[in-house]
Amino acid sequence: MPLGIDDALPFAVVLPAVAAVAAVVMPHWGRAVGLVGGLMTAAAVVVIAFGNRVGGPIRYALGGWPAPLGIELAADGLAVVMLALVATVMLTAGVYALRYFDHDGGAEPALFWPLALLLWTGLNALALSADAFNVYVTLEVVSLAGVGLCALGGRGEAIVAALRYLLAGMLASLLYLLGVALLYVEHGTLDIATLAQVAVTGAAGFVAVPCILAGLALKAALFPLHFWLPAAHANANAPVSALLSALVVKAALYLVLRWWLAGLGMGLGPILVQLLGALGAAAVLWGSVQALVAARLKLSVAYSTVAQMGYLFLLFPLAANPTTASTAWAGIVYLVVAHGLAKAALFLASGSVLRAHGHDRLGELAGLLPRSPITKFAIGLSGVSLIGLPFSGGFVGKWLLLNAAIVSGQWWWVALIFAGSLLAAAYVFRIVALLFAQSESPIDVAPQHSPMLMELPALGLALAAVGLGFAYPALESTLALPDMLGDHAR
Amino acid sequence: MTTVQWLPLAVISASLVPGLMNFFLGEERHGTRVALNIAAAVLKLTLVVVMLAGVSSGEIYEVRVRLLPTADLVLHADALSLLFVTLSASLWLLTTLYAVAYLDGSSHRSRFFGFFSLCVSATAGIALAGNLLTLLLFYEALTLATYPLVVHRGTQEALAAGRLYLAYTLSGGMVLLIAVAWLRSLVGPLDFVPGGLLREHYVDATKLVVIFALLVIGFGVKAALVPLHGWLPRAMVAPAPVSALLHAVAVVKAGVFGIVRVVYDVYGIDLAQSLGVLGPLAVFASVTIVWGSVRALQQDELKKRLAFSTVSQVAYIALGTAVLGPIATIGGLVHLVHQGLMKITLFFCAGNLAETLGIHHVSEMRGVGRRMPLTMTAFTVAAFGMIGIPPIAGFISKWYLGLGAVSVGAHWVLGVLMISTVLNAAYFLPTVYAAWFQEPEDPWPRESVSTRTIETRWMLLLPPLVTGAAALAAGLLAGGSLSPLAWAQFIVAQEYRP
Amino acid sequence: MTGLGYVVVGLVLAAMGIWGVVVLAHPLRKLLALNILGSGVFLVLVAVADRGAGQAVDPVPHALVLTGLVVAVSATALGLVLMLRSDDDRAAPSRDQSDDKGVG
Amino acid sequence: MTPAAPWQAVLLIAAPTLPLALTLLAASRGRLADLALRMAPWAALPALAAVAWADAVEVSVTWLMLGSHLGLDATGRAFLGFTAFLWLTAGIYARSYLTHDPSARRFFVFFLLSMSGNLGLIVALDALTFFLFFTLMSLASYGLVVHERTPENLRAGRVYIVLAILGEVLVFAGIVLVVAASGYTFPIAHREASSLAVGLLLVGFGIKAGALPVHVWLPLAHPAAPTPASAVLSGAMIKAGLLGWLRFLPLGVVELPGWGTTAVAVGLLGALYGVVAGLSQRDPKVVLAYSSVSQMGYLTMAVGLGLLAPALWPAVLATIVLYATHHALAKGTLFLGVGAAAGPRWLVVPALVLPALALAGASLTSGASAKAALKGVFFAVSMPGSEWLGALFTVATFGTALLMGRFLVVLSVRADTQHTIGGMAWGAWLVTVLAVATAALWIPGAQLVTAPEALWPVLVGGMVSLLLWRYGPRLEAWPRVVRVPPGDILDPLARWGMPVLHKALSGERWIERFERRGTIAVADQGRVLAVAARRTERRLHDWRLVGIALFLTLLSMVAVLLWA
Amino acid sequence: MNLLLGLADLVLGASLIGLGWSALCTRDLFAGCVRFIAFGLVMALVWARLRAPDIALAEAAIGAGLTGALLLAALRGIGVSGWARPGEDRDATEEPRP
């Protein structure tokens, strides 16, 4: 049987898994296995993206069993966007990690590649699954791989943070599972597309839907349930922080999008969508304030993730209005990608700073940031995208959300975007100002020079985040709402 | 007529590409950098001149790129664009020369010239923007490109000024963004149309008034309209070429250029008048004119005095825009160029005083005319121009403003001009007096350049002399066909075409 | 009827688990609580699968719970490892006070 | 007017531009500057030539400013005549007067600039060129006023520049209104000159013309300048204000009784007040300056008359031109004479009696002719109080004679002895004396007046002066009788006004204090808030709080769902 | 029969809740772990009662057995001295000392 484009779907899941196992088995070949496996996975993603572009949503039944019993994989526009984001960040962070762990004589933790590949497996599987329970399993795989990476080679704080991350993650998963179980009690199915339509019609739905939403909110670190995120992201190794902030939290959000897209959003009613939006707003404001007062660079960046995740919950109020649904939708997806790229870039660049100085206390970094313009540009450009200034992907996302808010007459969200952008500018420029500050100590502590392989990935991601600002026409068809509904909303 | 696409892009790239190249040029490659920047500036000026000739003969230059849903990135060269882009391109060349000499031997020059060029690119983008969204995009880009210049010195003071600058300009930018998004949601694409794009649409008047207010606030921040001007005097910590650029060419001009665009090409004069928004704008501008002058009078620090003077002078342009009728409009538009020439001269001269003799305060300027006669001659010409003394450029602006206001019955504007002239004289004449009529007392605060032949380095001296002469010529030869005034009349003839 | 009873028990266990995770301080207890929460959820699923005497058992929840058990034990194991590692770390106070604990 | 022939055009253009070009040369260094200085005294020659040969012609330069038009009409020709003459003699005089002055070059820079402005504004036919040269003259003559840099000079300069700028502003606004009403700058037309415009112009040019009460700079500034500069300031430049009125006011076009009456009243007041204030002065140049205030009062009255009675304007204009020419010559000669008195006083003081008589209006002099003409036009119109006019004129003539007597007395007691002048200067001065002596014969429109009423008040005034000098209180005691400080109302104004102004301008202090305090407060507040934010965030990291949050979130969602 | 089964269900349910509660709430961690193992065994019975023998086996092996073993091993690892203060509650975002 000749291989079709749809056969690429299982490959996208299986290849990283195989590579992960191989990396465990052959610890000395970890890098090679990781890179080769990564490249092959990326190739599969490219094929899927191509197929989606040419022929629309792709479906693949694992082992030949159709949906209700067997496991079905499907790649619609949203999935492709997610796969592409994951592949980009994974590969870049991987390249970065080549030098990150060893350039000052240290050794790469043996489990880095296996766990990263496992994470990739989980993320790809998550992106391609349409079944409420499979999604739970992939969510757990992602969580566990994430926790493992977080604890990797780290000392005290990182372990403590990882433990809390694990506990919170499990609690979230189980809450989600509880919701799914309750829905199953009522409706007897696990298909998201079906469940989302009927979720809030049955009695159990009144408890199940909040459980699902709360579980996902906890996983996505929505204020006030963000307590586990800053420490975990700030204390992990830089490439891991990038993966966690750019991808892992997005996994939960991806599920939110899936449920919403399948029709859950429409059933929630006007008050609940505003309530979720309000939590998002609180996250934007509080996360930004914390990023602004944080004493450490990576902590500030981590809080920025809390803030940026808040924007994504504006999906509920903004997309609930049919006239603005597609605009808001495109805006949210755009923000997901733009934030993923920019945040990964910022964490990678922070890692270079931290490596060069041995610490990342903002108060002591004035004028001592790396000499090379590459990292400076990476910090600056990713900051621009995070604030949402033109020309950058963040701007496009924000512009779309703003338009949705204005057209649907929800002026309070306009005010939020206004305040959020300014707060973002405040915390970003707090960091950027360090690039221009004069060294306070007369003795110029010559910082170690970061290797090119650490600087270029950061710059590459930052450039991608900015370049995304010009990519809207190219991505428009992929982001369009009807296409996204593709397979899952049968 | 054919539509030429490459030229607007080339004009922007002529500074953008060398700007980016600067960053990756080693700090020590001084000669290469100087050659690169000067060559780029000359190239850009050449391109602009080509475009100038083309536009005056009816050629159309336009590029359209899709960027967002129902919002294109449009670069379009019309007469108004050319007014601004010519100013920025020619002053960029001079400022580059000046900056080369001014920053001689200091650190971070690659960064400086890089952002300097980016700043000019953003300005060109603003000038050539063919719709409101494009204008907004480059407007924000300008904020980003100028921030590093403001904080260039990296001191605590500079960083604080940078923070303040960002706080103001980014807030303004967000206000603008909201206004643009709102307007777009009401009427669709926002391509500039002479006479106003809103002419074709029927929109609730209240909404239009609110949007107008938002737009003016957004642009008013950079234009430093009182009370949105707080950042400008503080931004004076930047090196002199930056101040020169900020005040004369890039930032404040971008703001006021935006206001001009909004009034003429978005709302249109008729609509703006019927909405009753021009009166408040004129009052806004007038308050700024007077307040800026009063504050300038109170400053002893030369650059701060000049900064507040900018606050006041730039509002003339807004005033000319807000006062109805073609004559006042000519006055406002031509002041865009005139103020640029005069203010850049003043900042060059202030920079020369600081760089050569360490003079930073008006009280230290005693007798400096004898030590640096050429610099102070240029300074005097520019200062007199600012006051509005004929035949220097500033007089022509004031003349048209006053005449335009009176011819539409707005006599009070004449009063504002009178008060402002008196105040201008009150804060400029003492500097001129001190320089020429007082005896030098002590040795200069810090005399660092000592040349036998001329008073300071020639690359510091030449730019102010050229701009000073240009300011004089722009007024003296205003009746000529190549003067800024003639161009402003050309623009106005298009805007007021029935 | 049996099923419904066990659903209730499952919910009570789940509630207890959530309560435990939140309120109990010791990480080990939190892990226990999470396991109890998981058991509660599984119980709900399996209780529904048992559609009463004479009717066929729904195989889907059984498959799910089996997977869930494996996931739960992996997570617990990871949690315990982390707990032990962080305890080691606490036992060495010098590391705690070292300047570079933000690193990595 | 007809377009000019090429050589006429050259003369017209050269009149203002030759001094300007010489200025640029003089400002340079080296031999060129020396050359320029040597040529400076003769810079007014093209203007004189233009008077002779460029009558009633016009040159247009469209690219200059907003289109420039130069030309000579009848009025302009007369003004250019006496102005160029005075500048020429003053220039020659100055060359010798400043021989030993190290900063002579600087003096000539400003001298030439002022000359360019003064000549240019006369040949300017359009509004903007007039304003351009008017401004040039106003600002450049500041350099003449403060030339000697003594504290008094500098104070005079300050007062001068403040009022000059004020004048500029008012004139600018007035011109804008005039041009806006007519729609073009050339020719200057008065179709519907508004009352506002007239008011602005009256005050604005009035400052230059030394009209009450904005004359205060004049008694300070005219004497402060070096003598040749005083001569042109008081003789020629003061007439620029007058010419401004003639050019821009709707004279002979519109009847403006309000402004007309005001101008007549102010002029009359000025004519009398100048005498009173001048009598108490101890400096000959200050006496002359007040005399100028007084004489310009007459001219102000005439302009007022023009506003009152448009029909009468041609006659009034002729009178004004005559009077202005006469005054320019006489006052210039008197001022130059102050410098000459440093030499043989026995010769100079008697020679000065001639212009003094002319100024007072004694028979056979140009003054008598001018005053007669003035009286003539005033009697031609009937207005309230015109029956008093004859008497008033007599009193004023008497006063002028008294003032001139006072001048001669003061001069013979305390002349300027610092500067001695050389042969060229003597020659120039003698030419002026001659010109004044014969003025009644050659000034166009002047007649030889022999009426006794033109003589006796002058004689009485002269006698009184002589008696006072011989038998009255000593010179130094005079001010105790009538004490008017130079600049009269300025002193109290400054004493009360300046502190208020300073207080107003020292606003900087509180604004900046406010800003600084604000910044500190914000920073403090920010730090407090940051600490609070971090503390709150740490609390949020407590599992129990998270539990409550989770519970509340769940509960609220359930509640909302149930409620909906 | 039904009554007996119902009684059994009641006992099983009650003991699940009781064991779970006491596993969480005993002061002694070791006792808590032991009770959790017991909880797992009861759970296995419940699975069996609910006609899910496969899960029952898995629960007995993994839930009670493996987890229990891991817990007890971990308890030994902590020793008696550890966890005087609950370490997980340490907030890893706190500022490091300068």
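Read from first to last, the chains carry the letters A, B, C, D and E; within each, the first residue is number 1.
Rule of thumb we're sticking to: a contact is a pair of C-beta atoms (placed from the backbone, for glycine too) under 8 Å apart; a residue touches a chain by one contact, two chains touch by 3 or more.
Note that this is a predicted model, so its numbers are computed, not measured.
The set of chains in contact with subunit A as well as subunit B comprises D.
The minimal number of chain-to-chain contact steps leading from subunit A to subunit D is 1.
Central chain by Cα centroid: B, whose mean Cα position is closest to the mean of all protein Cα atoms. Greatest Cα centroid separation from subunit E: this falls to D. Interface comparison, B-D versus A-C: the pair with the greater number of contacting C-beta pairs is A-C.
Farthest chain from subunit C (centres taken as the mean of C-alpha atoms): D. Rounded to whole angstrom, the centroid-to-centroid distance between subunit D and subunit E, based on C-alpha atoms, equals 105 Å.
Per-chain Cα centroids separate subunit C from subunit D by 98 Å.
Distance between subunit B and subunit C, defined via averaged C-alpha coordinates, is recorded as 65 Å.
If each chain is reduced to the centroid of its CA atoms, subunit C and subunit E end up 9 Å from each other.
Within subunit B, not a single residue touches two or more of the remaining chains. Within subunit E, contacts with two or more other chains are made by residues 87-89, 91, 93, 96.
Listed for subunit A are residues 157-158, 160, 163, 167, 231, 234-235, 296, 359, 361, each touching two or more other chains. Listed in rising order, the residues of subunit C touching subunit D in the complex are 18-19, 21-23, 25. Those residues of subunit E that touch subunit C in the shared complex are 5-6, 9-10, 13, 16-17, 20-21, 23-24, 29, 32-33, 36, 39, 43, 46-47, 49-52, 54-55, 58-59, 62-63, 66-67, 70-71, 73-75, 77-78, 81-83, 86-89, 96-97. Considering their complex, residues 543-544, 546-547, 550 of subunit D touch subunit C.
Residues 530, 533-534, 537, 540-543, 545-546, 549-550, 553-554, 556-558, 560-564 of subunit D touch subunit A in their complex. Of all residues in subunit C, those touching subunit E in their complex are 2-3, 5-6, 8-9, 12-13, 16-17, 20, 24-33, 35-36, 39, 42-43, 46-47, 49-50, 57, 62, 65-66, 69-70, 72-73, 76-77, 80, 83-84, 86-87, 90-91, 97, 99, 101-102.
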